[in-house]
Amino acid sequence: MTGIRTEPVTVNLGPQHPSTHGVFRLRVTFDGEEIIDLEPVFGYLHRGTEKLAETRNYTQIVTLTDRMDYVASMSNNLAYVRTVEKLSGIQVPERAQYIRVICAELQRIASHLMATGFLLNDIGALATPLIYCFREREKILDLFEMLCGARITLSYMRPGGIFQDADSDFWNALDILIQELPHYLDELEALISKNEIVLARTRSVGILSDADAIDYGVTGPILRASRVKWDLRKANPYEIYNRLDFEIPIGVEGDTYDRFHVRLLEMQESVKIITQCIKQIEKGPIRANTPYFIRPKPGETYQSVEGPKGELGFYLISDGGVSPYRCKVRAPSFINLTPLKKMMLGWKMGDLITILGSIDIVLGEVDR
Amino acid sequence: MTEILDVSKIINEINKELPNCIVKNNDDSVWIRPDDIKKVCSILKNPQGLDFSFLTSISAVDYIGYFEIVYHLTSMRNNYSAIIKTKCYGRKNLALPSVIDIWKTADLQEREIWDLMGIQFQGHPNLKRILLWEGFDGHPLRKDYLGN
Amino acid sequence: MTQIYFVQLIDFYSFYEMFYSIFQNLGFEKSSSWMSYIAAGGSLSFLAINLLVLATAFYTWFERRTIARFQVRRGPNRNGPFGLGQPFADVIKLIMKEDTIPSEADKPVFTIAPIALLAPTLLIITVIPIDDSSFLATLNIGILFIVGITSVNSIAIFMAGWGSRNKYAILGSMRGAAMLISYEIPMALGITSVLLIAGSLAMSEIVAKQEIWFIAVMPMGFFVFMASATAEMSRTPFDQIEAESELGSGYNTEFSGIKFAILFLAEFMAPIVTSAVVTTLFLGGSQGFNFLPGQFWFVLKMFVVIFALLWIRSTWPRLRVDQIMGFAWKILMELGFVNIFLIAIEVAILMDPVTGILTSQDMLIMAGINWVFTIITLVFLANFLGKRNYDRPDPVPSPLANMEPKGE
Amino acid sequence: MYGLGLIKGLGITMKNLVIPNRQFNIYQYPNKKVTPWDLAKINSSKTFPFIAKNPITTFKSLVGLVNVEERLPQHPNFRGEEFAWYDNRCTGCASCAKYCPLGIIKIVTGTSGVNSQEGQSYDLEVFDIDIGRCMFCGLCVEACPYDALHMGSGFEEAQYQRSNLVIDINKLKSAEKKPSTWFRPQLVKQGHDPITGDTADWKKVGRHEKPSLDDQSERWAKR
Amino acid sequence: MISDGIASSLAVEISFWIISISTIFSAIAVVQIKDLFRASLFLILTFLGVAGLFILLGAEFLAGIQLMIYVGAISVLIIFAILMTREIEISNQSHYMRILVSMVALGFMLLAISLITSTDWQLIDERSFPQNQTDEIINTVQNSIPTLSKMLLTEYVLAFEMVGVLLLAAVLGALALVREKK
Amino acid sequence: MTLERFLIIGAILFSIGLYGVLSKKHSIAVLMSLELMFNGINVTAVALSRYTVPYLLTTHSGEKVVQYLLTGQIFTIFIITVAAAEVALGLAIIIAIYRTHQSVLLTDSNQLKN
């Protein structure tokens, strides 16, 4: 490409910037409008979750995981309690597993709605699709409020199950939501994914090839957008996912549009999963008999779930005490940022924002 | 279901090319000599061999006497996983070869380990503090870090 | 003409005569001429500024309410009836805020920039004929004046961006200047096609010639003009100058207090002024049914245009900066040229060579030809452009992953 | 066709503008503008008689000057501030303090007091909850073996100073007892709803009742 | 006749002086001010002043053109160039010969002024041409745009076309010069 | 003094521009001064066309030559157009020079061939 070369300008995008999705900072060097270099700067929200976890007992850490990916607390809880259960050999009752899966999928819809809305906001749609998305997300948050009394920081799951059974309010509201949601998702798709301006802004922008995606270790919708059909719900079925029938949507070439479209499709799959769960669920206990102070045998385990952002894993090492010896979090948002430079170099400033938006980071998880 | 690959297969594969680099092993993980970690990783990544194309995560654990670096590997094509470990002894000037040439995903994770555990990765192009600021004193995830 | 006049003719000369007689009666025999010039000018400016500022205040309320409804929200509704007091509360808040100037800023440039942005917008309204009269109705270069005056905007945006010594602001103002210059060309082309039929630069003449509204006569010209006017006032989908998700706030990042209020005023005045210009050029100005005065029809048409702008603003995302420039140079300019070419041929054939008059029958013929031509062109362009972006293969799973357990 | 998507988008936004049930569930907290129709409903009279009787109020509400209070709808499960603490259930065992992940509950017990639930117990001298640092996870409530501590349902606890955010024992004692039904299935069974203003006394909230004297003596005697 | 109405009033006189003084002041500022960006802003002020002079001279069309091209296009181009070359700090220096040059310029100005004032200009008034054309002349001068456009496309059509070609060539040349080869 | 004062303004603008052209180091400043000179000439041309009687008008008094009253304005239109072309080219050259010499000062670009 030829063009007028000008002096490079270094711009600090963030930590306070409307579309860095938190306190993320990018030090970008522009040549005119084109990105010639960039360096992500992290740590503005670092709270030392892993260190804090070493001084708390296994139940208390659930509250810490809420605050990592704060738009998808359920998935964090699920990933954590699954690791603890594996470490200490707790068997979870079936009803609890079903409710966990329903919650995780609801949370996935909520998180994807937020990602889609903010991506559209980054493209410049003046918050209209964002608010349509939030309208639906709000209903899911209302469901969570019925379930566990909180909307964002849920702390719903406990090692061994969940702390409280869902009552009839919840099931009725869930039925209504499941009936309405596909319609709204279709409308959202019609509003956005056929819009020529969105296509012009996102198609073939920030392509990440399949080999690169695996090499850079990205997971979740970004990996699937790059044609890699890899989903832990199918590849390594946890809870009761092997009893459910659902598809893994993949993208065409791994551009921003695919990342965005895969999320739209995944939401519809999640609706399917929830419908099946509602049909299959039976009455029963919701929590295994676990002591408050869990003392697992010395050992270590790594367990991961497919969170909305990608593979969310916990690596726990127990020394036989009441709190883990080491608690390492494989945070998908953090690792998904690795190919940032690969995706962004050579694109314009507007593309930088959309590519970053399509990765869908949450700074609570990036910095932990 | 992602299976954990039989350790003997990994040992065979490594021993074919690099004998004497395995320190010990148990049911699910293999301990490698720290100097050979890069070569072992490239053997494991080999698409014709075990094809561990995906590095799930790198973790560092401080066992007071030594540090253990844990590599969780996944093969996406064959759907199995493995755990490779290595030990670094001492508290100061710890160094380990970087695997960033083999898996690019090691970039941010190795930086994080350097930041929080203080293990240097040789060959990493941009080994700076990541979550804490430059000029921070100490490495807070170490067990002997007291803070201020 | 049995029209009821709520407002007396407010043009410069009626003011002048009024003041002239007043000064004559007061006893300034000799100097009454120039004094009444100054008085007339002053009172006209006062009127224009206050009218526009009030209209802008109302417009901000209208915009916020309308967009809020589009976004399934409520919008401001607390302050006074229907939230109508909100703009005034905003102004009071902005005035009372601390007026910060960055220490590195180019202070005089930084200070003058808001005024330089506001003044051209204010000037435009003086030549708009609201019901057969305007503040300066007799200006015979009316539309040229508008085009010339709007080009000052880019300088003002440059001053604001450069003066605040902020990288976001400079990026925004560089984008702004490039974009405003580019879109002036299609805008001028759109206007030229109007002038070809109207045969005059004066705004009142253009209105008088619209026996059939020009939007019906030349839809393509309207499209070109509307698109470039939207870009000129930098609203979605062309709002690259501010682009709040990319540049923070673009050229007005560093402004606060009363300076920001003035920038904000200029920015929100632009849709009013633009819709007035569009109404005059394409929607027949104050033409309408006789049972209500012309001002009413004019304002009604303005509201329709503003509503359409808001509808678009609340629906469409923003284009990228190179796509915007490409749209101006590759599509709009060509469409503008084609439109002029077409109109020129039609005018040359249909116009009475002696009197130079286009009858309404002629215009109907032109309208028929132009609509057919426009639809054909747009469909052709759409298929031509759309092929590449719409055809997308089905996804093929990558061979690098296999979720089935090994052995199966 | 290229360009149709844009027009379709315009149609969808217009649909959302026009159809009323597409509107976001907006609660105009803390008060709501009302129309004359709503006012008539609130005063439980028919619309037209109401308008005829109160023309001034009708006009005022038409221009949007009449407000009525509107609360945010909450589920009874909502876990909020204003802990509900029943001192005659509490034995001062400090399980809550032990379970708090942040360690913000401070309990000091004195010499023996009497607990209505279990007979003898410690006397609580200090019971401070620093809700400035509380994250409302509810682990303390979950830990309480005697159902003495409950989450509240309030959320309007803004203070000018952080030190005012510490709830001490007097505040806890004197506070209105509106426990949330969170982790208290017995309250759900009773249909308790703290948002409508239900208060619950200590007998109502517990999982177990005070045993009669005979029961007690029998229990100890069997040992 | 032509000097009737607007041109004769004192208000126009006042505006003439305001416009001309500010024009000359800003022209001096263009060459004297240190900061090049501000100098370019003063250049814009000069352009605006000249547009005002055009309006006073009854050439509204030219004033519009002046606004469009000088203010809207040329000055923005200049500012772009200033920002692109990024040497505002070097600023608006003069070289060592400036005193000599200023003497030359001053001398030229004095010469021109003396020539202007000493020449006996043959001004338009009613006596200079036949009575039957007076109305036409007034119409031509006061409503000049139709006449101008007609002249551009009849008498000066060759020049008009050539200017168009020149502009095209200039645009292409500028693009060719500025483009980087790779 | 109606004509003369406009002419004097034109002359002053021209000589200020002349001073700038001859004395400035910065090439963009030179270009700006050049624009000042153009403007001085424009003012002069329009003023002359407004106030003086064209030669043709005096000789061909019987024919339709009234339009020649506007010759000065036509000239100005052409001058403005040419100025636009000149500025575009000039700035392009300046940027090209800046790219090779890393300087915009005329004193620095004293080689024809780099």
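Going by the order they are written in, the chains are A, B, C, D, E and F; count residues from 1 in each one.
To be clear about the criterion, a residue touches a chain if its C-beta (ideal position, glycine included) is under 8 Å from a C-beta of that chain, and two chains touch if they have at least 3 such contacts.
Because the structure is a prediction, the values reported are computed rather than measured.
A.B. asks: Which other chains touch chain B while also touching chain C?
C.D. replies: Chains in contact with chain B as well as chain C: A.
A.B. asks: Leaving out chain E, how do the leftover chains split into contact groups?
C.D. replies: Without chain E, the chains split into A, B, C, D | F.
A.B. asks: Compared with chain C, which chain's mean CA position is the farthest off?
C.D. replies: Centroid comparison gives B as the farthest chain from chain C.
A.B. asks: Counting C-beta pairs in contact, which chain pair has more, C-D or A-B?
C.D. replies: A-B
A.B. asks: So what's the Cα centroid distance for chain E and chain F, whole Å?
C.D. replies: About 7 Å, centre to centre.
A.B. asks: Can you give the whole-Å distance between the Cα centres of chain C and chain E?
C.D. replies: The mean C-alpha positions of chain C and chain E differ by 28 Å.
A.B. asks: Quick one: report the Å distance separating chain C from chain F, using the average Cα coordinate of each chain.
C.D. replies: Taking the mean C-alpha position of each chain, the two centres sit 33 Å apart.
A.B. asks: So the centre of each chain is just the mean of its C-alpha atoms; given that, what is the distance between chain D and chain F in Å?
C.D. replies: Centre-to-centre distance between chain D and chain F: 79 Å.
A.B. asks: Which residues does chain B have that touch at least 2 chains other than itself?
C.D. replies: 1, 53, 76, 79
A.B. asks: Which residues does chain A have that touch at least 2 chains other than itself?
C.D. replies: 4-5, 128, 131-132, 135, 191, 195-197, 199, 214, 228, 230, 235
A.B. asks: Show the residues in chain D shared as contacts by 2 or more other chains, in ascending order.
C.D. replies: Within chain D, residues 2-4, 6, 9, 12-13, 16, 24 contact more than one other chain.
A.B. asks: In their shared complex, at which residues does chain E touch chain C?
C.D. replies: It is residues 9-11, 14, 35, 37-38, 41, 44, 51, 60-61, 63-68, 71-73, 75-76, 79-80, 83, 143, 145 of chain E that touch chain C.
A.B. asks: Residues of chain C touching chain E in their complex?
C.D. replies: Interface residues on chain C, with respect to chain E: 31, 33-34, 37-38, 41, 106, 108-109, 139-141, 144-145, 147-152, 154-155, 158-159, 162, 170, 174, 177-178, 181, 184, 188, 201.
A.B. asks: Quick one: which bits of chain C touch chain A in the complex? Just the residue numbers, please.
C.D. replies: Against chain A, chain C makes touches at 67, 70-73, 167-168, 170-171, 175, 236-237, 239-240, 243-248, 313-323, 386, 389, 392-398, 400-401, 403.
A.B. asks: What part of chain B is in contact with chain A in the complex they form?
C.D. replies: Result: residues 1-2, 53-57, 59, 61-62, 70, 72, 76, 79, 83, 103-105, 107-109, 112, 116, 129-133, 140-141 of chain B touch chain A.
A.B. asks: What does chain D use to touch chain C in their complex?
C.D. replies: These residues of chain D touch chain C: 1-4, 6, 9-10, 12-14, 16-17, 22-24, 26, 28, 33, 63-65.
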